[in-house]
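The following pair of complexes shares a single chain, subunit A, combined with subunit B in the former and subunit C in the latter.
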Partner chain A sequence: MDPNLLTHWQNISGFLGFYYIALALMNGIAAFVVWRRSHATVGPVLLLLLSLVYVGVLAPLAFSADATWMPRMPSWFTQLTNEILGGSWGAVIYTVGSIVLLGGLFVARKFFVRPDVAWILLNASLLALGLSFSDPNFYAIAAKPDNVPIVGLIFLLGFFTWLATSRAVENDARALEGRPPLEKENDEKILVWPDLVYTELICMILLTALLLFWAIGLDAPLEEPASSVKTPNPSKAPWYFLGLQEMLVYFDPWMAGVVLPSLIVVGLMAIPYLDFNPKGNGYYTIEDRKFSYLMYQFGFLVLWITLIVLGTFLRGPNWNIFAVYEYWDPHKVEALNNIDLSNMFWEQLMGVSLPKAPNEAGFFTQLGFILYREWLGIAVTLLYFIMLPPLMAATVFRGFFVKMGFMRFMVMSNLILFMALLPIKMVLRWTVNLKYIIAIPEYFLNL
Partner chain B sequence: MADKKKMSVAEILAAARQQDSGEGDATPSPAEAAPAAEEVVESAASAESPPAEEPAPATTMKPGERPSVKDILAMARSGESGAATKPAAPKAKAAAEKPAAAAKPKAPAAKKPAAKKEVAERKTTASILAAARRTSKAGPMSKAEAAKQPAAKPKAPPKPKRPVPPMPEKPAYAIPVEPPEVDQSRRTAMKAAGVTAIAAAALFGSALRLGFTSLATTLSLWGLATARFMFPNILTEPPSRFKVGFPDSFSPGVVETKFKAQFGVWVVNGSYRGEQQLYALSTVCTHLGCTPNWLEAEQKFKCPCHGSGFYKDGINFEGPAPRPLERYAIRIADDGQVEIDKSRRFQEEMGQWSDPASFVSV
Partner chain C sequence: MPATDRSSLSDAIRNSQIWKSIFRHPAPLDRRNRIVVVLTNFFLHLHPVSIKKQGIALSFTWCMGGVTFFLFLVETITGVLLMFYYRPTLEWAFQDILSLRDVASLGILRELHRWGAHAMVITVWLHMYRVFLTGSYKPPREFNWVIGVILLLLTLLLSFTGYLLPWDQLAIWAITVGSNMARATPFLGYEGPGQALFNVGGIDMITSASDARFMLLGERSVGEVTLNRFYILHCIAIPLAVAFLLAIHFWRVRKDGGISGPL
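The block that comes next holds the complex of A and B.
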């Protein structure tokens, strides 16, 4: 038995025990609420049993910190996870996996929004979290004061997505039956004062109290004094910027730090202009606005949230990918020999070295040579932005084009193309180790 | 505000109780009460009407009877006695407590002056209001009632005016003197002179002098302090030229990291394009400016921010960094030591690494 592991278990046994007691309480309360609402017996009894397991088995075992009985993830599972996520394909598997997972949730949403299913999923994920805490590497990441909000964020996001989706599913079912949506049927007005203001006041007080206790309980994750010659390893942005930081792995700072973030803001601002669909106004629905829904959720959940989670839990020293149960070894080698598209074209395909202007050439000759060197990338980019919108208008988005008119459609298609740059670039980096499509470091222009 | 107009339940109750117990001696006669009620109603409607100090209507009149002009005149003439027939505007406590007014024995309707005085002192505004309301029946009333109640007229009887003594002749000194004709230019000139005088006074002569002088002093001191703040008392950067030792202290193939913390350079004795050179690499990542680390085992510089990697010669090969690390100028100084000059940089992608100032051949 690894003595370090034992010390870790002794250190966290109190916390874990109370964690399981909290889970038991959660299920007990749920049992009571279900029983009060429906007077059914099966559900509450099952919930009570679950709660008894938590409080009667898992909590005492966790308190004991016993070498054989400590509740923990089975080792085959942790090893498998490390193999899959920690390997050189970790980022790919993670990203593709989360897209598949979210897509599956979306396709089978009628099943997953059922309260019993959702509750089972919640319990499963909370239990998995508790079992994973027994792993010191996982605990070091997940319980770091920096990362506690992200653990909370995952669950909060899950809850709100579930809430919206379940209402949307119900409304869509109602629409099929010809009934009005939930929100329209029950749209009794209430007063701002006192109903809304009181609610807000109570929320404000509770949140302030929560923040106070949080601030007292968890020390601020301060690091050593800043120094221009030493960067902590790994150096992580604040959690809400981890998506941007992940974008920076694939792009030049100009693109990922300035152009794309501004376009995100501009694109969000343009939504009222682009989205002329009056349906879904004041009620949740997916069927009535599938395209908007999917676009938004792709941009938000896939391109923002999963990147934050990736940056938090999977990025380790030297910004390498580490699986969640893996030790952060700063000497982990990850072979990434990235090359530009121009290298590919000239050196690998044509078998010559990059065209290069003679050293004492004038400005325009230099520029001409640079453009010549990068012609393929420039051509591809121009084609991408100039050719694709008309193509989209003529094929998949024909209906949109007719309805939206030229200007609106152009704005929308260009925003979508910019958004698609990130996944495209990620895939190219993973598959062919492409660094930049256009690489003009002389003028800080890289794409 | 609304509270002022409406009576609370408690107040009404209190008033009722008082009414019950002190009816006998405390209630003003109906003749008195009716006009009072009107007064109250009116002043309640306009909560800001000042406590009336004018005399109330003559109490000898029947309720609802408009005083004739003659009466008013007579009252006005009788002066104080007429004005004091009744405490004016019972709403105002001050007025109610005026014993002089309340106790005037001349008022024919006042029953017992002494008692009245006492009552007037004891009564609160609210109770008076309540009493008044009860007499004139608060709340909606039927048409019959309205017809029966001549007192509830919307308007209070006109209040007699205090006699105004005739204006005396204007004394000579009060008659405005025609200003002498001044033409416009002269007037402007005078104005300008005035302004100048004020300015001069401000600077040199008057009480303003102190204020403006101290203001100016403060401002200039503040400006000086700000200027000083821009030049802190430290050297923000190490000198851009520094010596790192003799060339033979750098063995081939070794990346010297000990100057990183102070000067931000790696001194490398390595090969670039097949040539063995001594060069100084900047420790700033060409991606977003983090500080990479030299990993001896992997023989590469690795940036902790987004994972850019550089070979020993500074060429970027992994991660997002778009160009190689930069070199600083390096040379052998006169005393034989290696001297690095951080004020000059050499970028590989610009073909500057072939510049002999960017390396020392070893």
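The block that comes next holds the complex of A and C.
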């Protein structure tokens, strides 16, 4: 038995014990609510049994911090996770896995919005979180004070996505039957005093209580005094910018830090002027506005949130990928042999060295040689941004083009193409180790 | 009888000159007075008098915009209190943060401020998520969505500028990583594409002492000038901009027809 592990268990046993008691309470309250609402017996009894398992088995075992009995993730699971996520394919598996998971949730949304299914998933994820806390490496990263909000964010997003999707699924089913959306049912007007004013008051009180408990229970992080000579490894941006920092793996700073963030802001502002669909205003729906729904979810949940989660929990020293149960070893080596498109074309395909201007050549000769060297990447990029929009307008987005007109369609298609640059660059990196499509380090212009 | 005593005491309070001078009306119990109270009360006049029932259903609104505004108020109040203790200088910044934890009464002021800030970033995202999922940016509310995007950006900048103030390792390196991006701004960063275009008579105009990053930091690396800049941005400049835009944001909610709903 590793003495460090035992110390870790003794340190967190109190917290974990109360964590399982909280889970028991959560299920007990759910049992009561379900029984009050439906007077069914099977559901409440199962919930009560689950509650009893938490309070009667898991909580005492967690309090015990006993070497044999401490509830923990099975070691085959942690080792498998470390093998899969911590290996050289970690980023690929994580990203593709997230897309497959979210896609699966979307496709089978009618199944996953069922309250019983959602409740089982919530319990499973909370239980997995509790069991994982027993792992010191997991605890070190998940319970780091500034990372706690992100753990909360994951659960909040899960909850609200479930809430919105379940209402959208219901509204879409009602639309099929020719009935108005749920929101139409509560059409009558009520007075702001007392209904809204009191809701606001209760929200404020609950939120104040939550903030107070949070502030008392968890100290704000404070590290050593600032030193401009001691660079921490890894150096991370604040958590809400970690998606942008993650883009640095695939793009140079001018793209990842300036152009793409600016386009995110511009693109968000442009949404109301690009979405010409009058349906889906003021009620939850998916079927009435599938395209804009999928676009937003891809940008928000896949490209923004999963990258933040990746940057927060999986990126360790030297910006290498570490699985959640893996020790952050600063000496972990990841082979990096990425090459540019121009290398591929000239050296690998043509078998010659890169074209290079004579050293004493003038500015325009130099520039000419650079353009000649990078002609393939420049051509590909120009084709991508100039040829694809008309092609899209003529084929898959024909209906959009007709309704939107030239300008709006061009803005939308270019924004989508810019958004698609990130997944494209990711796939090219993973499959052919592509570093830059255009590599002009002479002018800091690498794409 | 205790019950009578209590009611007579509360009656006495409610009938006192002080109480009546503060609350101009008795508690509104009938329809007419409930309308009047919203119209005549300074704090309530942001609200409409009546609202569709679904407009206040938590399962529809998630209350996230309101929660974000409340957190902004919490941040303002705790922020002002923190300013009494904190001096944005290399000599004192870190020491003052230490004292806030170890010496100041209660010692959770900074915790409230920091966790409130993280929560505010999250609730802004959730508010935007809800507004998108209900299609509430559609006409006639397009421009309010645009203001909302600016407010989202300002919220992130508020959090970012505040991140530096504790002046610990976490702070300066997060800001260093974040602000290094500005070095690569096209045309305006000294390592950005097109930087060489601003060249007058063979002299580069965009250098490490004149580029976008320098404007942000006030020097070549994160130091005392940066601390001062971020302090002023965090405590004065950005909050003023947020307050201004919030006023428009709320006003537009009312003018654009209240909270969205199906036609």
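Here is the rule we go by: the second predicted complex is superposed on the first by the 424 of 447 C-alpha atoms of A that agree within 3 Å, B and C clash if a C-alpha of one lies under 4 Å from a C-alpha of the other, contacts with A are read in each partner's own complex, and residues count from 1 in each chain.
Just so we're on the same page, a residue touches a chain if its C-beta (ideal position, glycine included) is under 8 Å from a C-beta of that chain, and two chains touch if they have at least 3 such contacts.
Computed from a predicted structure; not experimentally measured.
Because the two structures share subunit A, they can be overlaid on it, and in that overlay subunit B and subunit C fit beside each other without clashing.
After overlaying the two complexes on the shared chain, residue contacts for A:163 are found with subunit C alone; subunit B is out of touch.
Using the contact criterion defined above for the overlaid structures, shared-chain residue A:333 touches subunit B, although it does not reach subunit C.
Once chain A of one complex is fitted onto chain A of the other, the partner contacts of A:441 are limited to subunit B, with no touch recorded for subunit C.
By the touch criterion defined above, A:229 reaches subunit B but does not reach subunit C.
Contacts of A:14 after superposition on the shared chain: neither subunit B nor subunit C is touched. Looking at the shared chain after the overlay, A:405 reaches neither subunit B nor subunit C. In the superposition on chain A, A:250 makes contact with subunit B only, while subunit C stays out of contact range. Of the two partner chains, subunit C is the only one touched by A:184; subunit B is not. Of the two partner chains placed by superposition, A:104 touches none, neither subunit B nor subunit C. More residues of subunit A are in touch with C than with the other of subunit B and subunit C.
In the composite built from the two structures, the nearest CA pair linking subunit B and subunit C is 5 Å apart.
According to the touch criterion, the shared surface of subunit A, contacted by subunit B in one complex and subunit C in the other, consists of residues 227-228, 230-232, 235, 245, 252-253, 257, 444. On subunit A, the positions that touch subunit C within their shared complex are 146, 149, 152-153, 156-157, 160, 163-164, 167-168, 180-197, 199-200, 203-204, 207-208, 211-212, 214-216, 218-228, 230-232, 235-241, 244-245, 252-254, 256-259, 265, 268-269, 271-273, 275, 277-285, 289, 293, 296, 300, 440, 443-445. Interface residues of subunit B, counted against subunit A in their complex, comprise 260-262, 264, 283, 286-288, 290-293, 295, 297-298, 302-307, 309, 317-320, 322-323, 349-351, 354.
Looking at the complex, you find that subunit A touches subunit B at residues 227-235, 245, 248-253, 257, 317-320, 330-331, 333, 335-338, 356, 359, 435-436, 439, 441-442, 444, 446.
Considering their complex, residues 28, 31, 34-35, 37-38, 44, 47-54, 56-60, 62-63, 66-67, 70-71, 74, 94, 97-98, 101, 108, 110-112, 114-116, 118-119, 121-122, 125-126, 129-130, 132-139, 141-143, 145-146, 149-150, 152-153, 156, 159-160, 163, 166-174, 176-178, 180-186, 189, 191-196, 221-223, 260-263 of subunit C touch subunit A.
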